[in-house]
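Order as written gives the chain letters A, B, C and D; numbering starts at 1 within each chain.
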Amino acid sequence: MTQNYQDILEDIYHETRPLLGQGRVADYIPALAQVDHSKYGIAIETLEGKSYQVGDANIPFSIQSISKVFLLSMVIRVLGKKLWSRVGREASGTAFNSLVQLETEHGIPRNPLINAGALVVSDCLCTFSPQPLRHLLEFVRELSSNPQIQYDSLIANSERKFGHRNAALVHFMKSFGNIKNDVDEVLNIYFHQCALMMSCVDLARAFLFLANEGIHPHTQEALLTPSQSKRVNAVMQSCGFYDESGEFAFTVGLPGKSGVGGGIVAVVPKRLSICVWSPELNAKGNSLVGMKALELFTTKTGISIF
Amino acid sequence: MTQNYQDILEDIYHETRPLLGQGRVADYIPALAQVDHSKYGIAIETLEGKSYQVGDANIPFSIQSISKVFLLSMVIRVLGKKLWSRVGREASGTAFNSLVQLETEHGIPRNPLINAGALVVSDCLCTFSPQPLRHLLEFVRELSSNPQIQYDSLIANSERKFGHRNAALVHFMKSFGNIKNDVDEVLNIYFHQCALMMSCVDLARAFLFLANEGIHPHTQEALLTPSQSKRVNAVMQSCGFYDESGEFAFTVGLPGKSGVGGGIVAVVPKRLSICVWSPELNAKGNSLVGMKALELFTTKTGISIF
Amino acid sequence: MTQNYQDILEDIYHETRPLLGQGRVADYIPALAQVDHSKYGIAIETLEGKSYQVGDANIPFSIQSISKVFLLSMVIRVLGKKLWSRVGREASGTAFNSLVQLETEHGIPRNPLINAGALVVSDCLCTFSPQPLRHLLEFVRELSSNPQIQYDSLIANSERKFGHRNAALVHFMKSFGNIKNDVDEVLNIYFHQCALMMSCVDLARAFLFLANEGIHPHTQEALLTPSQSKRVNAVMQSCGFYDESGEFAFTVGLPGKSGVGGGIVAVVPKRLSICVWSPELNAKGNSLVGMKALELFTTKTGISIF
Amino acid sequence: MTQNYQDILEDIYHETRPLLGQGRVADYIPALAQVDHSKYGIAIETLEGKSYQVGDANIPFSIQSISKVFLLSMVIRVLGKKLWSRVGREASGTAFNSLVQLETEHGIPRNPLINAGALVVSDCLCTFSPQPLRHLLEFVRELSSNPQIQYDSLIANSERKFGHRNAALVHFMKSFGNIKNDVDEVLNIYFHQCALMMSCVDLARAFLFLANEGIHPHTQEALLTPSQSKRVNAVMQSCGFYDESGEFAFTVGLPGKSGVGGGIVAVVPKRLSICVWSPELNAKGNSLVGMKALELFTTKTGISIF
């Protein structure tokens, strides 16, 4: 089986490279628009300790919304079930609906993996952590066993400059009483988590604890309880791909999370984690090549949770 | 392991019986409101051919929306991917949104397990089957190995009499061109599928092919391809519990489908299917005791797809 | 002043004729699509008994939604304030919202001049009139002093054939209990009122009682009380032009009602009524030339309620 | 006629005083909640130069949204029709819809008299006026011939402190490019205009130019063109009472504007302006006694635009 994964990754890589050029790099902030379109990498980390890589798997990129899973894990670890009084666990329907639903549901976002939800989770972190940005960075470095991971401050500033929609969401939720801290502090955490720079290898390592019932595969530390870990996976399954979450479940069939930087991470419970990066996005905002690569991965390996 | 399931079912049954009385039986049609509140049964069927039952597992009840999975399977089998141009695969958000979304998404329902989607699937069946109601009944009888299964015509008539919201949905989709057949014929299929009477044992048997990559466990007939079967499970996972689909994934972690008659069926891929019936519903319209019983089942057995 | 109106009408007619060709005839039903695009007429009737006409002012056309004002008047006359428990008096916002609002407002349409509201008004008529279609025809003939007015049965049939959206609205409201009679009977009234054939002269005459505090200007019969008449005008002012009601108030400044057949009627309280007909519509579904003609009319005469 | 108005005002005052106690003072900011519930005054100013007053007509109160008409007039005067590319002229439907509509209509508010629209108008003022707050104050003092009018800085601060929903609106519109200036500067104008303190007499005087085709009745200065003045009235008619604009047109039948401070101003074109103040609001956020007083005023005088 070991050798297989390397062969399969290379097959996928060669089959899907011709798709490069068909998507569109995120351009809502200039810092993202400048990324090299042709970058493409995949990394697998298994619970047995094996690593497989192809392409640009070691180049750090802006992980964007993938970081929402790190925030969620940090906060669930501390607050446990209390979190769920402030954020739901259901898919959001369209982007369009999220604002309506904030209104009709009195400032409670649908789930922690949409922007509104991650802003509430950032607010929770802000409440219990005296140095939330340092805290988050340490958590991610520990998960990846990579002390070099950094925030890209150009991207964080760019996010802030063009972040009026996120500012609108925080103010709106604060008007319902569902943001406890200062609006600018909450936004600062949010804009920085978007700007974490990690490679496919970093991300595959960092998500491996979610394939391992919450236990860090190297240090054996229980970061989450088995039940918490299973539930983070369930939330990724239901809500990890915006309005393409059902589509991802349908074609790939694994819990995962995408970011507009072009990264997608997926978890095969009890076996491995896999990260693909290709900056060009499809119409729904998920990596076009990444979606296809993961579909091929489950097809070629027969791996599925269903 | 075999003996375990029977013990576990009995434990669950005794732990959850005290919850009877806390939910509310569906009363939107008189025929449903008359059901005995205190009924409660569970059945498991395994791929190894074992059966486990507790309580009222052999009493037929109105399966309501659970039948949407049968319709979907029949139509996917014939149309394959063509179905997905007429219905989506994403969670619907709230009931409230489904109508808005039909409007903004030009008559394409979000998924085949909400009413609008099942009406489109009924329309597809109507197109390719000369005797759709007989066809559906035969399919269900074959899946359950029970030739006694019937429609309850009192319930079907009651559905029609109080079915103005479903009539509104069909007319609305027809105005967008997404219903091809006569409105009354489509509604007739829909109202009858709601009125199928099956027991927990019937339903557990009937869903077992979805734990078996689409193959009927007794006849070995390939009803769906492995890929189709996996995808029906993925759709159930994302969309099977209305606006509580994320909640079900979160607390139970299995693909499944509920009905307002109080039944819930869930599938453990490659192992078994399980059906619970208790007519009292929670605020989201899913069986209150059924949800709790399935949560206990995955907790006690450690079974989860995540 | 008398001579003025004729001169003004002719000026307007010549200034606006060059706009013909810029709009689009309603084509949602074939019977409407076949109308001659180049038809264009205007008629004024004053309380002093004078008539002014230009162009095709005597050719009957499909009055469509203008008839909603006749229905409303007939029903207010009988039910008085009781009507307002079943339909509101506020502008509807966009067409898009009307369905959402029916949902959130439990089947109570926003006002009697949108389709949903006129369907409720039709239902009221159906309740108190044994022969509602004959009753409506007699009312309109009496208002216009024209016993030749007829329903166009080709148009009524065409409305029915393509009327699935209206059927959806009736079923939806019936599911909330806000339709009392048989769905098909209510739709039959609705589809026929759309199909009334009247000329500009007929319509200007038929609306003159609303400029006259509810009193038929020829027979002196009090069809509505002064207060009822004023209130029908207020509803036209707020809601008479779908999502262009504010625009019409802004540019024309008179209470009025349009139809997708290309007719627009407006009322100058205590003075006159005016009807324009040109079948080509603007993007919001109101007669393109008609809107311009009425804007010129108020500009040239200085007439305005503001 | 002169004497009549005074008698009528006193009749209305005595008939409606028993309604005090049935509404609820706005409490979304503490500064408003502290107002004396029992205050009640009415003032009329006519184009002939007569004044009529009853009750607390000379006590300044927080005019809140009534100031939106002043902002709108200042900006229309300078920008003319250019304003209408950034804000619409249609009623908003429910409060609930305004956010949805901002989303679907790409950051263009429905009209200048809802919060979102007034924020855009504030942004326009900010662009062309070097000292917008001083500019607004001078405009209002000139209209009222009262150099004592002030902003209440406690109220302005309270608005800011509890103004997260308005902050959300500005950020949201800025994300669509429909706010040009700094978010905090725009909010500062907005929060101050809410905090203008004026009496019934001040407001009746300040609105009299809108009954006079835009001409200041004392200085004879043309503040607006006749066409602009007529259009401001039309916008008040369509949109001046939030989701009760149709209701106000229906029962009162005059263009007007209300504020949550309990003030309502209405205009009788070519005759007079009238202002009522009673802080207790009805369920739609308009002065309960004020609505009734104006309904009685039009009933008793027979004045109506319809």
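The working rule: a contact is a pair of C-beta atoms (placed from the backbone, for glycine too) under 8 Å apart; a residue touches a chain by one contact, two chains touch by 3 or more.
What you are looking at is a predicted structure, and each value in this text was computed from that prediction instead of being measured.
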Interface sides of chain B and chain C: same vs different residues, half threshold: same
Remotest chain, chain C as reference, centres from CA atoms: A
Whole-Å gap between the CA centroids of chain B and chain C: 48
Cα-centroid distance, chain C relative to chain D, in whole angstrom: 32
Chain D residues counted as touching two or more neighbouring chains: 96, 100, 104
Complex interface listing, chain B residues touching chain C: 96, 99-100, 103-104, 164-165, 167-172, 174-175, 183
Touching residues on chain D, where the partner in the complex is chain C: 88-94, 96-97, 100-101, 104, 110-111, 229-231, 233-235, 237-239, 243-247, 249-250, 253, 255, 269, 304-306
